[in-house]
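What follows is chain A paired twice: with chain B in the first complex and chain C in the second.
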Partner chain A sequence: MTTGLAILWEHRDLLIDGFLTTLWLAALSALASLALGSLLAIALMARRPMVARASGALVDAMRCVPFLLFAYIIYYGLPSLGLRFSNWSSGLFALIVYNTAYMAELLRGAWRGLPVEMIEAGHAFGFHGIRLVRRIILPPVILAAVPMLGNQVIQIIKDSAFLTIIAVEELTHAATVIQQTYFLPFASFVSALLLYWVLCVGVEQLVRRVGAHAEARR
Partner chain B sequence: MNAPPPVLEVRALTKSFGDHVVLDGIDLVVARGETVCILGPSGSGKSTLLRCLNWLETPDSGTVVLSRERLGVLPGGNHRMSDAALARMRTRIGFVFQHFALWPHLSAIENVMIAPLHVQRRPRAEVRAEAEALLAKVGLADRADYFPAKLSGGQKQRVGIARALAMKPELLLFDEPTSALDPELVGEVLVVMRELARDGMTMVVVTHEMGFAREAANRVVLIDHGRVVETGTPEAFFDNPQTERARQFLMRYAGASTRANGAAAAG
Partner chain C sequence: MGPGDWLSLAQGALVTVALSLAAIAIGLPLGLALALVRWRGVPYASPAIATLVSLLRAAPGVTLGLLIFFALPTVGISIEAIPAAIVTLTLITAAFDCEIWRGALVDFPRDQLEAAQSVGMTAGTRLRLIVLPQILRSALPALVNEMTLLVKASPAVAVLGVVDITRAAVRIGANTYEPLPPFSAALVIYSLVVFLFVLAQRLVERRRRAAEVA
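Presenting the complex of A and B:
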């Protein structure tokens, strides 16, 4: 056991690289899917029934796809359409697209819960269209959604582990490599678990901070 | 010489929700600098009327004209204005909501500044200075950086008034501005409204505050079942009502009137 830990310590660079890749993937895809999810939420809440229905169908369809399968399709399927990405870009792309649907759905829920009078006040003061959404609607929607957004970010971190199957060199991948090379299943997987846990604690801390900020603005 | 056009001219306004006729041909003209109080029992259509005046509710028929300009509908035609054109006209009408409707993600002063900044696109320094002056005017200079959640109802409503004034509107609409307030907070809001009326702001106020109507209004309009029942100066209306409906209404609200006077005096 102690020799196991010693070997693991010797190859800590691998784990740290994996950890940083996971952190980077999760941070980028969280930000991008929140931004794209906001746009998609606007489509979901559009007054034109066609737009609302089409985007709703898209979101519902995406939410029924297992992420693992989706990552496969992006990595193995897209090249047959002539689109070729690196493992890392494919993984990031899959995380962003997949979570955009969730983010949009979650923001739509918060949007629907907004008091009607607040939006009416926006109209009464001459806001309309995209300016109304940007200045009056989205800020309180996002503030209201902070706890759920935090959950979704944790989901992103966990989903990123699936990317090991398309050889993205993230944390799970690093642990697997160490395990396979040195036969240290317990030590390597438990260390990876602990590092995931550190990430999640970090997200929870962040949510608590932002949440306190949001609480004053509700 | 031409007389100045009325700020607001409403003709034959109607609105129904399903089978329920809420407004049944309302006429109303408001001159510059005039304060008109709209009274009426609950469900008489007075809030719907006010909301039709800036198209928060789309009237079924009739016209709303703001300083000679038709609101909501393109001139001549029966086509609805574009959202952008309607939004531009709405900036000329201030609206004070019954439940304040402040934007909770913005501090008091940001609530006052956001529309002048991002709708009227005026320079930030100027907007900021005016917002500070307006908050001082409503007695909230020391609450500028508070978020709405930290303000009392009366404070929220005064921010609501400052927010409406920041647009430099030609017309200010009040939708029962004190009816969501605890009785002891009514006075502080009415004080601000009285001052505005005295300063010559053009105001249409839907209210149950008989004391305010008697004291601050130039004209009182009684609405019932979606029609104007009686209109006149406060003296004429309160002391010598012409219609049976007005007499009944005043009798019913006599108690409320005394309470309103008491609260106003306390404020």
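Presenting the complex of A and C:
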């Protein structure tokens, strides 16, 4: 056991690289899917029934697919459309598109809970259309949705482990490489799990901070 | 896609559903037991469970599955792919179920417990007759939601070599050089499975509402 840990420590840069890749993938896809999800949430709340229904169907379909299947569809499907991506970028692309649907659905839930008076007051002050959404509606909606958005970020971190199957060199992939090279299944996978834990607890702490901040601003 | 391909997709669907049901069947009571220990605040056990649950809730199924499959044999426990898959999915869903059960227990009104105590019910009877029927009702939507999340997490067992819906679709795609038809079929099957869970929940709730009216 101790020799195992010593070998693992010697090759810690492998795990650290994997950890950083996972961190990068999760951070980039969380930010991008939140931005795109806000746009999709606007479509979900659109007054035109066609727009609302079409975007609703898209979100519902995405929420029925396991992430791995979706990642495969992107990985094998994009080349048949003539688009060639590296494993890393098709993994990132899959994470972003998949989670855009989930983020949009979470934001829609918070949007529904927004008091009508707030929107009417916005109208009274001359806010309309995209400015109304951007300045009056989205800020409180995103703040109210922060705990759920945080849970989704944790889901993104966990889903990113699936990308090891399409050979993205993230944390689980690094642990697998160490296990295969030095036969250290226990030390490598337990360290990987602990690193995932650190990431998720970090997100939870961040959510708590933002929540306290939002409470103080009210 | 030929008839043989459809057959292997159907077999994959059976594997996904069977693994998920097994994990749910063990995970629900296991999660409840863990939640009861936490609720009672049993010394040492309660904080230990809290840490374990927090770790498991942050654990990707792929990583946990690899740990169980490769690490258990090194300590002398040989494990096949299917049992390893069931253990992985069970641990994950039990951790989430534990938090759901615990939430329902924490919200349970104290006065009811005290009333039951005052008529001389033992702890076991209180739990069975007063607490469980009510928390089952309040926790059901969240529990069903967790079941659908489990189905979506189940492709993780592919790393152990278990052929579920996703892996069956990948194999067909690799054989026919046309990955999109089997993936689309897999997508429809997953949607059906998820929909079945939601449907079952609606049925249970409707029945109970009918029973309450009667």
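To be clear about the criterion, the second predicted complex is superposed on the first by the 216 of 218 C-alpha atoms of A that agree within 3 Å, B and C clash if a C-alpha of one lies under 4 Å from a C-alpha of the other, contacts with A are read in each partner's own complex, and residues count from 1 in each chain.
Note that in this section a contact is a pair of C-beta atoms (placed from the backbone, for glycine too) under 8 Å apart; a residue touches a chain by one contact, two chains touch by 3 or more.
For clarity, every value in this text was computed on a predicted model and none was experimentally measured.
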Touching partner for A:Tyr196 - first (chain B), second (chain C), both, neither: second
Touched partner set for A:Lys158, first chain B, second chain C, both or neither: second
Chain B versus chain C as contact partner of A:Phe127, first or second or both or neither: first
Partner chain in contact with A:Arg135 - chain B first, chain C second, else both or neither: first
Touched partner set for A:Phe186, first chain B, second chain C, both or neither: second
Partner chain in contact with A:Ala175 - chain B first, chain C second, else both or neither: second
Which of chain B and chain C A:Leu69 touches, first, second, both or neither: second
Chain A residues touched by each partner, larger count belonging to chain B or chain C: C
Contact residues of chain A, present in both the chain B and the chain C interface: none
Parts of chain A lying in touch with chain B, wherever the complex brings them together: 115, 117-118, 120-129, 131, 135-136, 139-140, 143, 216-218
Chain A partner contacts - residues on chain C that touch it in the complex: 54-55, 57-64, 66-67, 70-71, 74-75, 151-156, 158-159, 165-166, 169-170, 173, 179-180, 183, 186-187, 190-191, 194-195
Residues on chain B engaged by chain A in the complex (per definition of touch): 54, 56, 83-84, 86-88, 90-91, 93, 95, 97, 99, 101-106, 114-115, 118-120, 147, 149-150, 163, 167
Chain A - residues contacting chain C, complex: 61, 64-69, 72-73, 76-77, 80, 154, 157-162, 164-165, 171-172, 175-176, 179, 185-186, 189-190, 192-194, 196-197, 199-201
